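The first chain written gets the first letter, and so on, giving A, B, C and D; residue counts start at 1 in each chain.
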């Protein structure tokens, strides 16, 4: 039985993770922390959540744990990761702290000096389907962002075959839970309910360097992206529509075949039949990624849907834990 | 041309009022105040709102105005009302400050000593359809709350004929704009989007004494209510379902006739055909109140729908202004 | 391993049931039927549903099954139930066909002669928490309607103690999946999205006799209800607000104690702390019923929330199956 | 006073148009037709709509009208247009029948032979801001589709200056009223409420040739588009995100200046300040188009928002009528 802790248990990601852990027969939730709600029960703080005692993070006993999941803001996460690793506890970090291998890039985009640059080499970027060699036994996993997960799974087969010939556009639409649980005017119900709003479009969003540097690691060229996220009045879900210029000679059937082969053994990836498109409802409340492929005028349009709280966060974190500990990859996730 | 001012222009009610004033050919908006956004333009602060300069409330010139609408928190509103009346400006107050004639009741429910008890006698409770005698020329109008508007219009004909024989139940469902624009966890999109939540049920909500004291003024007995508001994931709208025990001898046809007669000349009240029920969509974005009547087992079930921002707030305020100044009652409201 | 079949697999209830069965380790789904989609795969017909082959109902082999779940229209359901029982298969019927013990009442409300009146005596009304004596080994279970489930669980402790003194009002609010999947104008997105609409209020809804006759069976008097359902723009969820006149002498604390005792050992019923109210989000996507209790002016207000597709349909059906077959009652439901 | 008729009054567009006409002081609605609801009142058929008698289309007297608005399916519309023009009535057609100048292109995309090819030359494509020369006095106006309106207004200034250097991508998101009012499974509330779904992406949607042929008319080259509409769970609204490759030498400031100049005198077009993006809420329930401009890596990203029922349909139709009849262009639209 794996003893697990969750830091930052009262956000949307933390609660989703605790729900999933409750269905995993090989893990016991031994610790859940909350800074502002220590001493209370999770179900009091979050309607419908499991009854779980909340502990202050600085009083959290690490020594009896096998793994901690960090659902904390960037900066904070790295600090707890250092302490956990010193105590011999494996770390799956859902923040951005270990996603960028280059500490200068981190400082540029996140506005602070990296708190633990010595760990960056060891951290495994946990886009599970692309990281099977390094994940087993890993001490520190950087769980990918939700946007990068949906976009990178849509691009991975293409990068392996160099089937991209220019600027890639990622037009993403995502549910409001992706913006976190802290009260803000921009995520109040009335502000959102009749709106659809782009934000940080072009080359302005923090997930851009995460995507570009991961893509660069799969190939010998450096792709450039435009990335346009749009906030949609849905509680959860993420759909990315990607526009990828194809090199001469690639037809829809070949592309389709390439994706089917690359993901043939993947439990959580559905490559849709030719002519179908991905939609949020295909993957809601599941750890799956649904991928549709359409070619027109030499451009491949990929539609890629995930549940932002599962495959985009807590579900993939659990999937990574399964691989790290040598369990069945789908345990707790079906 | 009536010169009007709006205090508290950046809330949902203030913006709705400014929109409506823009369509009223007999009124000019000369002043709009905002404490936190003074110096900015309303359209910057509120997407889609009219372009209107915002002035700090304490620098607002009152002297050139004919009327001010106060969309302010209770307590604050009475202070501005005093100043406006002193400057010879008529006041339509959308807060609760002048709705309860009894200052002790005010203190009990609103937790502060009434700031201007000397004005309570003069204030006219502006449920327009029931206040036509006192409104023309009034200096101070207390615009009713949204719940009281929907419930009192559903009960007014019955009270006039003493067609109520016991405890009245008001089960109300309302859209999220009724909870105001200040960011709160409970009105964040994700918290609301899949929820339906009762709150302050029984005899706990501040609109209860407003309803009971108004009802008492229409009759020689003192009715008692139970009142159960429910927050629904809709931006706007208010539906009250009332359960009214009838005295022996009242049948559905008579009740229907009574409502038709009472509201025969009302431009904004629709008494539905027998067997039909009121619903939010019948009145959205309008100043109308839609009323359905069903009798079963000696109980009258009234369904009463309004748009909380129009007939429940800004629309009725404008309707009251029209009556106060002797204009056509529907000006700016169709 | 229990071999199960689902008739009517492509509606909202059928799909929910198939999802739940997929998590139940003691059951195998051996059959799923669909009249209009026979030969196809459930995931094609219903985005996100499990991949399950669909068989035409009249070609469905019953002989190898241990249990069938009937998610069929009333009338149709009874026909399949007869055939299944003859083949020695236990039946859990999610239609209304076996909920009313009196075939005349059935004919009056459902407009057709009962197809199998000889089975009515044997059928067990499967409101699980109230039917533990008759469920184990039962051949035919009538799974309750969603409204009756939420209302009856709110009234059961009171009826046992005769703590009701007059007309009961049930004001219910429910999500759109409760209206079925067949396309209708009234459930089109735009018609619903900004609306809240009562329907069949008073004594007009088919679930009224189901509630009244069940209540009558728990006591020696015949309570009368008013029942007002309201359609709310939410995909799923059901909240009933009940107004129950208390006999003299019952205070809130006693009522609270009564509920706590009655449901002390129930895994799926949460009696909320005094002063709290039930809301949909507390129970979404779970088989739980959340109950809040408030007393005011001699009336008990019960708020009772369930997920209409789980405790209100598929979840309770599975809970009943667990009890019928002597399994752990929570298997597949946590 | 202009006498107007509306054919197809009970769809979302027809009702919106009738609402707008009710606020226009220079027009009287003399006729509203409905095939399936003739003899009834519009308010009965459509909750909240104005009380308007509905006439069967084949019994509709044309002779007394000055103008008819056709909110009919393609094919049907052209037939009524012919009859109206013969009766000396001006026509504003909201269907696709007169949007494509080439009858072969019409047959290819709409699957039927054009019913009145002899009128195609005379028809004025009514994207008002771009058609001021031909609209005054026009007998037949082809009102643009909602997608083309949002995309073409975003591209018009660029085409005039040849500031486009390659394939244009239009990624559009639109509210469900755009899919019409006829009941379909795909637009049922539950199917939509938690979904976001692309459809007819690439070069498959009927609005593609409308956009491409209009663009070709503004320039001496033939641009190619990719067009990806996405259905979003919102009743109304349309946001297009366009990716336009710029020729060498164009910077964001110049592009911004170009848009400001082109639309300097337009009442209904808002060119947002640099760095801001368009969103649905800026234009909901208005006839405005809001345009945001961002340049990154040599690509211009235009965000363009309209209300699909106003500027995307009924509002623009009224705007066109104002120009045709020489009225103030904003009459009835503010």
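Note that a residue touches a chain if its C-beta (ideal position, glycine included) is under 8 Å from a C-beta of that chain, and two chains touch if they have at least 3 such contacts.
All values derive from a computational prediction rather than experimental measurement.
K.L.:
For subunit B and subunit D, which third chains touch each of them?
P.N.:
Both-contact set = A, C.
K.L.:
Average the CA atoms of each chain to get its centre, and name the chain whose centre is farthest from that of subunit C.
P.N.:
That would be chain D.
K.L.:
In angstrom, rounded to a whole number, how far apart do the mean CA points of subunit C and subunit D lie?
P.N.:
Going by mean C-alpha positions, subunit C sits 46 Å from subunit D.
K.L.:
Would you mind pulling out the distance in Å between where the CA atoms of subunit B average out and where those of subunit C do?
P.N.:
Distance between chain centres: 39 Å.
K.L.:
Where the CA atoms of subunit A average out and where those of subunit C average out, how many Å apart are those spots?
P.N.:
Chain centroid spacing, subunit A to subunit C, equals 37 Å.
K.L.:
Residue numbers in subunit B touching 2 or more other chains?
P.N.:
47, 191, 194-195, 233-236, 279, 281, 284
K.L.:
In their complex, what parts of subunit B are in touch with subunit A?
P.N.:
Touching subunit A from subunit B are residues 12, 47, 176-177, 181, 183-185, 187-195, 233-236.
K.L.:
What part of subunit B is in contact with subunit C in the complex they form?
P.N.:
167, 169, 171, 173, 191, 194-199, 201-204, 224, 226, 228, 230, 232-237, 239, 241, 243, 277-281, 284, 292, 294-297, 299, 301, 303
K.L.:
For subunit C, which residues count as touching subunit A in their complex?
P.N.:
Interface residues on subunit C, with respect to subunit A: 22-23, 47-48, 279, 281-286, 334.
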